[in-house]
């Protein structure tokens, strides 16, 4: 994404003050052309494996994107009218033009949000749209994007190359055979697409089908997952399977940051209780906590970077969960405590010199109080970038201001786009790079660091720290 | 309040950077003359019903204003020496000149606070004072304000018109007969004064005289409030009574955001326990929570907007509560949790398309973590403006920065002055409008939105969103 | 520290905007030459009593400074390789040149942190270093600093005078005989060095050797500390001992802000349980809480300012606690609650007009929600400056923005450097003064206060409020 469309401000997201803006501009010029490293996200590997055209603008931009449909729902639009499938298979809107018009009619809601920046950037840079999206332009823009989608240069692999992606990690169930990744490797993309080991379905006793998932893990690995030792061995085996297909990291999404450090007997008993389906909520929580420590131990052995995404109250609305199922924009952040919660794991492996655990939070109050002080002393801990509701200009700036003075930048992990919206990837990295440069420019302007240091730091934040954090 | 006094900076509260300041100036010029909508506050309706002159400067500015006397108390001044009445009727200062001098002698304490902005603005714009308030000018300013107060153009109705108030809502007990509001309507003010249904005294089992209040609610409505069904019917009836006198909203001030969704039998049992006076603290809390859900259900029926003001530890000082009673500046914010607390209510009515629930918080940590994500998806939820300790330049700016990226502005409810200090109303709206324009100017300056969008948003924040949120 | 080295930006930490920067410059010029008041810190009184030369650059800057070694540990350096002693007396690095080189090799980690500002300032202003610290300059800078340390003008008393320190308070165990302070007084320094009464070892039942410490307190005072009344009397006596040697304040470092207000019998019973060594964690916590109220009562009697430093999870890493002991950089802030926790103490003594309790927090979320509202009404409460992880440009600015609108500045206590790194004292006060001026300049620039007011406030923040808060 090297050319800048005239309608996007080339100085967007830079500081207002002219002198500081000049510094930001110069810093940004030094890193703007670096390739994209996307070490955590939710793109579908089949896009690159099959390289089929994306279907239509509505199903590319609106239907799968919870950032977008949640905002429209907040103003009274029904999920069904946006084509979001119902659990009961009942009727939903199927006409992509109607969905697109509803989106355009509500596009003003996104003023001031990062979604607006991402969509404008994608429409402009990817599809050459030069008019603002609004009811009067909705149909024309639909046609323009739709026409693009049928062309070979808008197929996933072509866009991957055009986006200048050097590496993209997907997030994959521990039970996935990664066949799509095999096909991608055979296809010879100009950059790498690698899987990430996400074992929640076989680790969380409250996950639907937990016992079956554990059994399947046994089948896939030839381990006796009815026993605690066999269960751990199966994870080891499966992690190796993922590593052999390029994975360098695992990912864990638990409601809390709780960890445990039980002895082997107690852990084995707890595992049996969980397998039996009779675990209490407390026991399930303890088991998830124990498994974080086990996963960390395995990371010490096999070198995989461990990612922890904590603190979301998933599927907050009961009625929406029943009508439309999971992941429909009703995930709400929870207050999260890290200091006491992580201690059992950190007492076990926290000082390991080659372990890398990347912590993500949805609770900004923990940034300066807990996470920066923890990452600023434990060699195993790194801070992941602002996540989800905070992957935004203000969120990124707050993150730097709240963590930079205690943890510095070298205990952070660069940027993650964490998206399933493929066309927004360049936009998200663009925002991140610009805001990081704006922050660094402020440090230069008021004499906290020198310009040569800021240039080095901008490179670190853009790619170098990502490579180090994820072992790339 | 259209003329600007020379001693107040016409660019006050605008950004320092010249280019951004110009944008803010232009945005502000577009909305500065809009009338004032004050949909939530604590003005005394008798002011407008009786139109008696305000008594004197001390009793206008100091004695009733907890923002002011709390700050003087913090530096060792006694409430009694400021004329604040004692519970036991014991002697307090009665000479308004002495009270005013004490205020002036401590006025430097307010440097950097919004109170300072409000007082300066009122003295200057309302009373034509052109010298800073300090010990040396205290007597002269007292005389000048006092002289004004005896003139007809400084009576409440004249000021109401001069302040360009289009609508002002008072907050009224569910047991109030609203006779003052009847008299105001008859008087034919140039704008509307409407009541708000505040039923805490008949909903909170821990409120003094709860059982008597419930009985009185029965008397007023002819409902059998000894039964659960009759009690609910009485609320319905009383809400209709308020609506008939112009009310469009209810207001609820609970210590926590707890809601419940009990079945009718359990609710009826809990109600009987509370009426008996034998409810535990837990049962009282549960009952308050259940009543929020009941009130929300009634709002679905009758269209009244529901306001929730949560999270104040009222009357924190035991000794002050005993000597001077409630509301003496010792209300301290509490940590508040919304995500789990609101779920029972939201699972019941949260997706109703025509329900409007406005959430206020005294805990800023919930803004980006909980409130913006909730309001950014539930159609029934709107975010109320920064409240109480946060109705200030920094507080308003933080509110926009912390909520704007997730909820946008269209899930917010414009500004509330929430004041009982009538002469500060223009000042408070002035601060709010200026800071909102400053925030929008920043978004324009760094390319996040266009100027035409910012102009539209400034109008929304000033009046349009208020009308929509409160059904005006 | 009056001369500015050319390599440090003379406008460092001032606002970017030219007009606001000019205001900050002018404000700073008005207070930059004021002497240093350091009313809370951890300098070793023996430095000034004995006036021995500091040993070498590594043991001056690196080995004792947890800000520095924690950051190196976070990137995999071993404490032992930095010369930090082991509990078991096992071997650690003893060559200061090697330690210094390790420090220099990792100095880039501090980019953007306050440590970087402090070290650069000390190297430049104190030792005349004019090259940036990095591997290539490490040896030369070591030699330059080391050569200085052998000169008389770099001995502690000479630096004390050169730093223009008017007053420096140390922190001393209640059991300390303060002999070093006697020697300092005899030496006739140009400023005062005074002790602070820190009785944690004889108040916290979980402190190592609590019962022995209480017994020793009895021995020192001739009181029967086996009885509750005698124990309290011993504290009274010991406080008088400290006051006679210049102390004006006490200091208390508890994990939480819990206070209690037990009657004398209950307190006496709890004391006996704690002395017996059989107190539960809950009882120990209650006792600490009771003792805060007792200490506050004694402060009402004897006029000593009471400091409360709450909310650190000390020695978070079990393995580090076992290998290297306490205070090795593994203290992590905890979420802290003040509103309910302080109520028992405040109901007892909170309205006392001559009591001064200074509250420090490591949990920034309490600043606007709890601490500013509490200090903005209780006459006994003052806000201590940003502490520890927040003694930094961003931390200080957030503190002012989060507390200034509710508590103003006159309920704050000026600056504390709170350091054991003597050579960083001028640097820390320099940062604080500059950031306070930057904040005030913003208030002037946008019309919230006048220039003459800002000048007065700058003086208050620099020295006047410190003298008032600490009774100096």
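Read from first to last, the chains carry the letters A, B and C; within each, the first residue is number 1.
As a convention for this text, a residue touches a chain if its C-beta (ideal position, glycine included) is under 8 Å from a C-beta of that chain, and two chains touch if they have at least 3 such contacts.
In UniProt terms the chains read A, B, C = Uronate isomerase.
Please read all numbers here as calculations on a predicted model, not as lab measurements.
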Next item on the list: Since subunit A (Uronate isomerase) and subunit C (Uronate isomerase) are copies that touch, just let me know if over half of their interface numbering is common to both, same, or not, different.
Entry: different
Notebook entry, point to check: Rounded to the nearest 5 degrees, what is the angle of the rotation relating the C-alpha atoms of subunit B (Uronate isomerase) to those of subunit C (Uronate isomerase)?
Noted result: 120
Next item on the list: Please work out the Cα centroid separation of subunit A (Uronate isomerase) and subunit C (Uronate isomerase), and write it as a whole number of Å.
Entry: 40
Next item on the list: Could you list which residues of subunit C (Uronate isomerase) touch at least two other chains?
Entry: 15, 17, 365
Next item on the list: Mind listing the subunit A (Uronate isomerase) positions that touch subunit C (Uronate isomerase) in their complex?
Entry: 15, 17, 19-20, 337, 339-340, 343, 346-347, 350-351, 353, 365, 368-370, 372-379, 381, 401-402, 404-411, 442-443, 445-450, 453, 456-457
Notebook entry, point to check: Can you name the residues of subunit A (Uronate isomerase) that touch subunit B (Uronate isomerase) in the complex?
Noted result: 8-9, 11-18, 70-71, 73-76, 108-114, 116-117, 132, 313, 316-320, 329-335, 362-365, 389-390, 392-395
